[in-house]
Amino acid sequence: MKKFINSVDTLLNESLSGFAMAHADIVRFNEEPHFISRQAPTQSGKVALISGGGSGHEPLHSGFVGHGMLDAACPGQIFTSPTPNQMMAAAQAVENGGGVLFIVKNYAGDVMNFEMAAEMIDCSNATVFVNDDVSLPKNHSTGRRGVAGTLIVEKVVGAAAENGKDLAACKAIGERVNEATASMGVAMTSCTVPALGKPTFILNDDEIEMGVGIHGERGRETIPIKSATEIVEQLSTAIEEELKPKKNQPALLHINGFGATPLIELHLIYNLAAQFWQKRGVDIRRSLVGNYTTSLDMAGCSITLSLLDEDLLKLWDAPVHTAALRWGM
Amino acid sequence: MKKFINSVDTLLNESLSGFAMAHADIVRFNEEPHFISRQAPTQSGKVALISGGGSGHEPLHSGFVGHGMLDAACPGQIFTSPTPNQMMAAAQAVENGGGVLFIVKNYAGDVMNFEMAAEMIDCSNATVFVNDDVSLPKNHSTGRRGVAGTLIVEKVVGAAAENGKDLAACKAIGERVNEATASMGVAMTSCTVPALGKPTFILNDDEIEMGVGIHGERGRETIPIKSATEIVEQLSTAIEEELKPKKNQPALLHINGFGATPLIELHLIYNLAAQFWQKRGVDIRRSLVGNYTTSLDMAGCSITLSLLDEDLLKLWDAPVHTAALRWGM
Amino acid sequence: MSLFPKLFPAMIDAVDAIIKQNSESVTELDQAIGDGDHVTNLQRGIKALKAKEGEISALDWADALQNIGMVSMSAIGGASGSLYGTLFIAMSKAAKGQELSVSTFAEAFAQGVEAVKRRGKADAGEKTMLDVYMPVADCLKQAEANSTALPEILKQVCATANQGMESTRDMVATKGRASFLGERTRGHIDAGAKTAQLMICAIVSVLPK
Amino acid sequence: MSLFPKLFPAMIDAVDAIIKQNSESVTELDQAIGDGDHVTNLQRGIKALKAKEGEISALDWADALQNIGMVSMSAIGGASGSLYGTLFIAMSKAAKGQELSVSTFAEAFAQGVEAVKRRGKADAGEKTMLDVYMPVADCLKQAEANSTALPEILKQVCATANQGMESTRDMVATKGRASFLGERTRGHIDAGAKTAQLMICAIVSVLPK
């Protein structure tokens, strides 16, 4: 394993400090327990949005803390859910009279740790679970995983909260976006978790892994490598079967890189995916291409389609000022 | 080699089309010959900024076309300088009465191809050469290379051009920024150029390559891997010897990832580099951390320090709206 | 048996040693069908508990369990962090005001395991640590009902834990991270079941027989 | 010799074949001390030239050279694209209005090579294609002065190109991408010198002796 680190034990802390220093105009870093919160105070009564999860997916979630998006993010150890005391401390720091909305990717560890925190904090709170990964059947025993669609939920709900929507309304909007969003991913390689020092799994040079999550783990099946067009067809077809978009349906198309796949390839994937949806009459109104929900140094990408109506598009377009997403200000 | 491609020959074209579709609000793509230009018309008399170079460094340069930065970018084949007809066609498309300023990274191929274009176009034009890579001695036979500092030149000159500065003034500002900027890079791995299908070179698991450029090529020396702190010391010391910053000197610190190094490591590097400069009394006023000047899927990073005075900081802060850098609008 | 909180330093040392000894093989299990962090997670908890072993060993057993639960919950992270936090905190609740005996311990343990089932929305046969903890809880209850002698109980507990752990090999995971791999999980022992067995047997080994 | 533009299709075929044949070994040279794209670059040029071979072979030699230069300049890219563009365009300028002969060709070639030197700010001994082109230009001038017979000239040209190419092996690169590697370039033949030699000898081989 070759990485820029001093020691595996201090990596997360050194990195979070660096993140907070580089973005000191937007965020601050609480070291004990770990959480990232906004630098600027919020309007009193605003619903406080808190997300979190294992680290290793940067910029998710810390990169989305700031005006128009999250109030705080709770980073766990690499690929390890954060602990309830992090969410409790974050809630205490950012709750501002409007209650707390947790945005949680549907993984056993995240769900249970956020649930414990929700049981223990005393302000009013609610939770939106994100489960956009269609590589698993809808009736999967644990429910589906939350993957790259999470940032869309965070952005849209973030705008609603900034606009003064209350806790119940924010939760409802979050669930509506989650319902309207589907993703599927494919990996070319696994990644190397620093504490382990070697790749989680090895793929041959002629194999790819279909239906992967975002933890460098194996997916649904290993298949022979195919052309980019065929890969896009397979991923998009799974999304289509889930969302069944109507003709002229406005949508956001998000191509997410897992970390080691160059932009030149992600833009090629975008091209093919946009063609796929255009052929089916879907009206791609917004786009997002880049490394947003990563798996350390995994090579691969996911396609996310989110069926956003005019109201939701407005929330997507609302000003945002975070480390990783910024527009309108 | 595993990549998301249909064929090596069509990769660049398919990717550029995808880029232009994903950012149709900002840019347009001219297919024959290849160039990317702004969607919106510019103020008459504005100096037109054109950059370019081999592809494979995305988001550089196409990702920096838009308000407040470039007017056009000419992407060559992967790691291959663009040809003069691209620059000539781009100049014809974007020249708007203020002349053309070419921003060229100092590589034999880029210099010669831009020079041929400059000889052949008939509007007034000038060129800024960027040569920020201090891994080479200043008196190197070809001069030093242009690397990650290029985007700082493009951003600052872009703001000046937007403010109505004339060709000579824009060139002077560009040269001033270039003088005040130094970079040095280190690689953990090489990268795989699609047309070749295998990594350009192989490093052992306990080796890193110091003083690399941005083409996946070997650097000054191969050394045993060291801690992140030691790596940052070595890179920053080379920069310090070049720039000799004074106490309280305001500066921009840019940590640039080469493509496959996760953000979690880049932020750790930022932390260590910021400490290095703070210890020396340098006043880090602005930061940029991320994959901006990449070498396809190379793992590694570079550190850039740019000594920006208050005037130049204002230009850095001016509104910009491109695919890869956006603020203030 | 009332020696429990006093023996805590010895227990945590034994747990530490056995996890260290098996760290590579368990990590391989979690890499095969999980994400490979299970040992690191537990070791963060063990380290945090060792730092508080003096304090904990001076408490009564209910407070000791509460303390262990809070430390586990805050230090481990991941699925196992919340589950071990839940286990010990629920055990502590059941222990509150009770004298420590085989009977009260068996009851508290059963309550803890029930809480884990609720927290994880999981049951036996889903290829998790529950496939060790549920039979062990039953075994304790049974032994108590039969008034089995302590040395024999301990032997049975360890054997049951072993069996439970082995039984996960042929299961298809339906809970936790491994569930995403479906049929591909068959043939691999569950990492959480393996460490549960290792830790139970390590603790048993330091108890006076 | 006035057959040049007519022979252009045969020449470009010969060039194409020799580059294809040596593509792996030349790529390895450019990977060792450059960026590995030199063969791909040339092949883009060759392809573009083949597409225009009919048109080009119908022109007089000055216009043919101009055409070859423009196509090279627009299709090849990289350092070699601008250098080959410069070479042919400068040769064309010198050829303008001249009858093709050994003498006028030697003069045009010399002018072309001078233009390449200016474009690349380079000279002999810097481990570039110039270490082939400069001695070949001298050899042509010399042969012309000595009124050497054509078959003998062609033999000398190819031998000179070979020597020039070989001479780059022990040089330290001071121009182009390889210069960044300094001493590390010693021991490797320069890719651009190698292809220059290959192409010169391939063209020589299709000329009538």
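Details
Going in written order, the chains are labelled A, B, C and D, and every chain counts its residues from 1.
Just so we're on the same page, a contact is a pair of C-beta atoms (placed from the backbone, for glycine too) under 8 Å apart; a residue touches a chain by one contact, two chains touch by 3 or more.
If you're wondering where the values come from, they're calculated on a predicted model, not measured in any experiment.
Listed by label, the chains touching chain A and chain C alike form an empty list.
The chain with its Cα centre farthest from the Cα centre of chain A is D. Averaging Cα coordinates per chain places chain C and chain D 75 Å apart. With each centre defined as the average position of its C-alpha atoms, the distance from chain B to chain C rounds to 54 Å.
Chain D has its Cα centroid 32 Å from the Cα centroid of chain B. Put simply, the C-alpha centre of chain A and that of chain D have 54 angstrom between them. Not a single residue in chain D touches at least two other chains.
Along chain A, residues 78 each make contact with two or more other chains. Taken as a graph of touching chains, this assembly forms an open line, each chain in contact only with its neighbours along the path. Across the whole structure, chains are in contact as follows: A-B, A-C, B-D. Against chain C, in their complex, chain A makes its touches with residues 33, 54, 76-85, 107-109, 112-113, 115-116, 136, 140-142, 145, 193, 195-196, 200-201, 213, 215-220.
Those residues of chain A whose C-beta lies close enough to touch chain B in the complex are 1-6, 11-12, 14-19, 21-23, 55-56, 58-59, 63, 78, 188-189, 203, 205, 208, 225, 227-229, 231, 255, 259-272, 274, 287-289, 291, 294, 296-297, 299, 301, 326-329.
Put simply, chain C touches chain A in their complex at residues 27, 31, 33-37, 40-41, 44, 73-83, 85-86, 119-120, 126, 174-177, 179-182, 184.
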